[in-house]
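Below is one structure, written out as structure tokens; the observations come after it.
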Amino acid sequence: MGMVGGGQGAFIGAVHRMAAALDGEIELVCGAFSSDPERSKASGAELGLPPDRCYATFKDMIQREKRLKPERRMQFVSIVTPNHVHFAPAKMALQNGFHVICDKPVAFSLKEALALEKIVEKSGLVFALTHNYTGYPMVKQAKSMIKNGELGKLRKIVVEYPQGWLSTNLESSGQKQAAWRTDPKRSGIAGAMGDIGSHAENLAEYITGLKIKEICADISIFVPGRQLDDDGNVLLRFEGGAKGILHASQISAGEENNLNIRVYGEKGGLEWRQMEPNTLLVKWLDKPMQVLRTGVGDLCLEAQAATRIPAGHPEGYLEAFANIYRNFAHCVQAHINGVSPDPVRVDYPTIQDGVRGMQFIEKVIASGKSKSKWVNM
Amino acid sequence: MGMVGGGQGAFIGAVHRMAAALDGEIELVCGAFSSDPERSKASGAELGLPPDRCYATFKDMIQREKRLKPERRMQFVSIVTPNHVHFAPAKMALQNGFHVICDKPVAFSLKEALALEKIVEKSGLVFALTHNYTGYPMVKQAKSMIKNGELGKLRKIVVEYPQGWLSTNLESSGQKQAAWRTDPKRSGIAGAMGDIGSHAENLAEYITGLKIKEICADISIFVPGRQLDDDGNVLLRFEGGAKGILHASQISAGEENNLNIRVYGEKGGLEWRQMEPNTLLVKWLDKPMQVLRTGVGDLCLEAQAATRIPAGHPEGYLEAFANIYRNFAHCVQAHINGVSPDPVRVDYPTIQDGVRGMQFIEKVIASGKSKSKWVNM
Amino acid sequence: MGMVGGGQGAFIGAVHRMAAALDGEIELVCGAFSSDPERSKASGAELGLPPDRCYATFKDMIQREKRLKPERRMQFVSIVTPNHVHFAPAKMALQNGFHVICDKPVAFSLKEALALEKIVEKSGLVFALTHNYTGYPMVKQAKSMIKNGELGKLRKIVVEYPQGWLSTNLESSGQKQAAWRTDPKRSGIAGAMGDIGSHAENLAEYITGLKIKEICADISIFVPGRQLDDDGNVLLRFEGGAKGILHASQISAGEENNLNIRVYGEKGGLEWRQMEPNTLLVKWLDKPMQVLRTGVGDLCLEAQAATRIPAGHPEGYLEAFANIYRNFAHCVQAHINGVSPDPVRVDYPTIQDGVRGMQFIEKVIASGKSKSKWVNM
Amino acid sequence: MGMVGGGQGAFIGAVHRMAAALDGEIELVCGAFSSDPERSKASGAELGLPPDRCYATFKDMIQREKRLKPERRMQFVSIVTPNHVHFAPAKMALQNGFHVICDKPVAFSLKEALALEKIVEKSGLVFALTHNYTGYPMVKQAKSMIKNGELGKLRKIVVEYPQGWLSTNLESSGQKQAAWRTDPKRSGIAGAMGDIGSHAENLAEYITGLKIKEICADISIFVPGRQLDDDGNVLLRFEGGAKGILHASQISAGEENNLNIRVYGEKGGLEWRQMEPNTLLVKWLDKPMQVLRTGVGDLCLEAQAATRIPAGHPEGYLEAFANIYRNFAHCVQAHINGVSPDPVRVDYPTIQDGVRGMQFIEKVIASGKSKSKWVNM
């Protein structure tokens, strides 16, 4: 694995490295960790990389790694930069034969995302997007139960992603994570709706298997001086007639990272909460609620494959993130070996999820500005 | 107390009677329990009333009670009929000098509600509306904390009222509660939005002290053959700039009676859930969350007055309902005695809440039908 | 109903009155509310009783009520005094033909309890003891499931009753509840073990249907100057081979009234917590846990009969207490009418539970002082 | 790192490897993964090790690694075998200059543990024991608060470790984990009390800083045919006067891995539950309970150092386990570099904890057999 971004002071880069390292199957061999070449070197040194594998730019990295012998060079590129530096390294990596795993949202704009989709398809290579919340076993179990019709036809979906960390003008304090996420030049047209709203959209469509058809959004900036949205409330209409609500917020004071979803069908309902991720509540019409738990009873194959340790030994955010990496790596290895991957492992977010996410971001911002009630997705 | 409605097979009548009885301060002395005179007699007999105080109609009751000596006759009327039989008995009772406590929504239409408002004002009598959820101590504590500015300026309110009991066409089975609630002739123009959406609206405005200014609603009927809405998702804009979401549903399969509210301000947030009503979560920016509990520590006077037993002895729905009755009865008694009531006890929903509720019902149904994004409240 | 005790400043008297009043089937007609005749009068007046039914002593009450016409006089006596004043009024009431409902523990000593048992048996009258926690619907459901063998043979029982309200020397502040509970002259030989430990013992034996056979106790007084135990940890051995733990404490700082029980058998386990009383967790070997809830699905008849309102409308401590009163009153009425009571309603703690509780209290204190490991119950 | 044990089919070996890998600071370079040399080779190959670093025995490994150049050879040994194979490899590793990290309990008997203690002390090397539950940030926070006197003098400690996975005779099915844990030849004199009871003991002493002084135990075998205890209930007396309860069970049907602890002092109480490890409840006398959370507010330095990602991104069992490895590795590195380790990182269980654990195991089994009430620790 070669990494683009994730140098000193970054948050998500370290997460990607821990996720990649957890199962002992992926080795970080090189990186272009910062747009500042000195910082890139220093970051790589801290990570124990030899100086000649710490590159000044992603271009250097891709070009020079390509010249190494196959058994020595990186096999894929992990892109963990802010949104405005996703497209270029992804494109170049793919066009030079490297598989890619990329942080979300997949690009700076829908236009970029659509262009990247074509590049991925043309390349025939493996491309994964780290919509990491779909890596949790109980999210997979929820998807499986709905697919199997256990809830009957779906009627209502409520997906929420409240956070409180941007309740104040943190970006003006120099906090690096806040700074780029609230900067239209690096984040794109959306703030909270891009950063976390797109996770909520992805989770809802992943679990339900339904596409959002129409949206009606009220998008706000609450913190004075902020340039991008920090809160959004959205009515949803899904194909097939289900209705729903999505709201995402970074000014919900006192909330940590409270992504959650509830899905209701004709026969029952499901509830999953990211902050207690090993639990899936299953509610029935006039029968006792069941508490499904990671590692207990007959769960779907994808959930079992995404579980490392016995029930009651909590697995968390990094393990779910690692599940994306592990499935991606399995498919990369199968590609290299010229064999078919295990179908249970072909389970990670793709460029199509990335395009869908960018559609959501552009449409939800458009709806927020629109006086029309409904905007088509 | 004389009761209108609440005969055999009714649900809310029994609730009103238990709520009135709990504190040993209110005595049921007569009633017109059913539109069927025989059923009214039988119901009254079951309740231990003498035959001459079991009336065939509310008109009979009001006229004949009025002729009794003051020390013997009922002092107020409790109206627990379906919505279409709220206005007439309330009007007649008030015009004959009886105080009134009425189930919600206050009337069949906004027009009726506005007419009743004038009658109440003219009468100078005590009128209470059983928006019972405002009777919980921790709801009062939430209101108090917000009023005192502990959360700072409010930014976001999320109020939910999911139930699942109408997930099937229960009304066609003859179930009495389902039948009238889904019948436009008895319920009015709204189903779920009137029955429980108005509770959510009332709770949000009670706790925050803010009025909803604009709404954007998506109102649905999911169960085939049903005549009134069984689900609604609503974007809210409050005066002063706060935004929010209200959703109410009777097709959220597996949900019991899951009314809940979260309020976020500049400094912190609050969360209250009706199914665990003795707990109020208080969330802060980068400080530990606090769990406020009925009976623990320094709560506001209204919360203390609404608590009967020590902490950890759970008080529930009936106790909260009884708090409305107890405060109402206190004010009735003060009126009779010609003295000022204790200000802490002047804490119950009024005709103004009733008018507000009917405005919400009419506007939310209108918004559901409208192609415009925002409808003014 | 005539009440002994429960005058101004008392706690449990008001609880009994609310519990008796809730269902509108029991009327308080007289009382001897205090050992101070003036206070008794004043308390009765506050409760709306005529002066001639407010008696100076329980002896007066029983004698004078007996002389009233049957349709006018009290039908049963409710005893809500401190422990040292349980036996005498209970004995006199029963010997004068009045049914009795009495607060727990049933007497000041085992000797008194055994004597009372004989008096009850001889009288043929109805005697109920307010071990109120057995009045909760989900406690009845737990009992029923175990009786039906759903957990298989029982192996382990853990019952806890932690409170924190006596963490300081509250009795020296003049707080009335603390004062008598920590006074050997009024409370008996035990403090916490009598006040709440006996509830835990009763709950464990009620739910499991098993008798405790041997105990090994470590009994402590933590607060300096206190005369009676404020904490106890007890190993339990049940008949049939189940093992267990009982601990009760009034110095578990920050705990409210956290009675809870877990029972494990060969096939599964149960967990019930008084502070969330409408929930019963049912755990299975390698199957999802179920969350049984008051009002949801097929519960046992006793649980259904103990539920007043639909699921999700929380019923609490007073409702459970009222269930004892309602079942007792049903049986009193059947006795008066000379008919058999509904078997589902013959469900309230009896004098035998009271004797059992006194055995526990005497044995647990003895075990605490003993150097032997096991003490027979 | 060189590993002893943890070959195919093992559970805890994989946990150690993931824990060691997570932070990218420790590399598995060799192993003797099984007592079967072929299995050891195959296991090593699966882990990507070259054949010449997959050894047939731990003796081979230690001898041959010692001959490698310092920069190439393993720096420490990780011992993940069943209990009866802890002492020999630990002793040999230490005597050959290798630091050791060892699974718990530290040895097969107290005698072995005491011998090992001397060897560790003589060696001057770093020795860590994976009592992994002390690796959780909120456990460290609890310890810190108690040390700082925030709860006042401690009075009561309740520590529980219920599991249900051995509710049936799983060992007879060939399940490898069950087989050795219930076999006195491999596990030692204790079953559940050694496997998980010792974790509970360690957690209680770690958090409170108090030593258990006396115990009184009731130890059981519930599953027919089982050779070692599967349940134990223990009364505790701590130095300084605190009392407590410890119970551990592998027949608590339906329980996953529900280690939890509650500590009560004069001023307040703490509660921590392993299955929701990022939460620490802090209870106060008549003030609202606080919910401390990983990553929120001012936590102690040790808790901060044990946290990798922001609040609300759940960290679990593997992360806590990795904290032991990370601190151990830091101290190993400091030892190699001849510098003092960061005091915040000198935070991992030691050989003294191991000796203490073996004392507990021997004493608790002795107490279970004893007719005396109290056994000195």
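Read from first to last, the chains carry the letters A, B, C and D; within each, the first residue is number 1.
Simple rule for what comes next: a contact is a pair of C-beta atoms (placed from the backbone, for glycine too) under 8 Å apart; a residue touches a chain by one contact, two chains touch by 3 or more.
Everything numeric here is computed off the predicted structure, so don't read it as measured data.
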Hopping along touching chains only, can you work out the least number of steps from chain B to chain D? 1
Please state whether B-C or A-C has more C-beta contact pairs across its interface. B-C
Could you state the distance in Å from the CA-based centre of chain C to that of chain D? 43
Geometric centre distance via CA averages, chain C-chain B, whole Å: 34
Inter-centroid spacing, chain C versus chain A (mean Cα positions, whole Å): 55
Flagged in chain A as touching 2+ other chains are 255, 282, 289, 293, 296
What part of chain C is in contact with chain A in the complex they form? 282, 286-293, 296-297
Contact footprint of chain C on chain D as seen in their complex: 151, 155-156, 158, 160, 162, 164, 167-168, 216, 218, 220, 222, 231, 233, 235, 237, 243-245, 247, 249, 251-255, 262, 264-269, 282-285, 289, 370-373
So, in the complex, the side of chain C touching chain B is made of residues 11, 14-15, 17-18, 21-25, 28, 47-48, 163, 165, 255-258, 274-277, 293, 295-296, 308-319
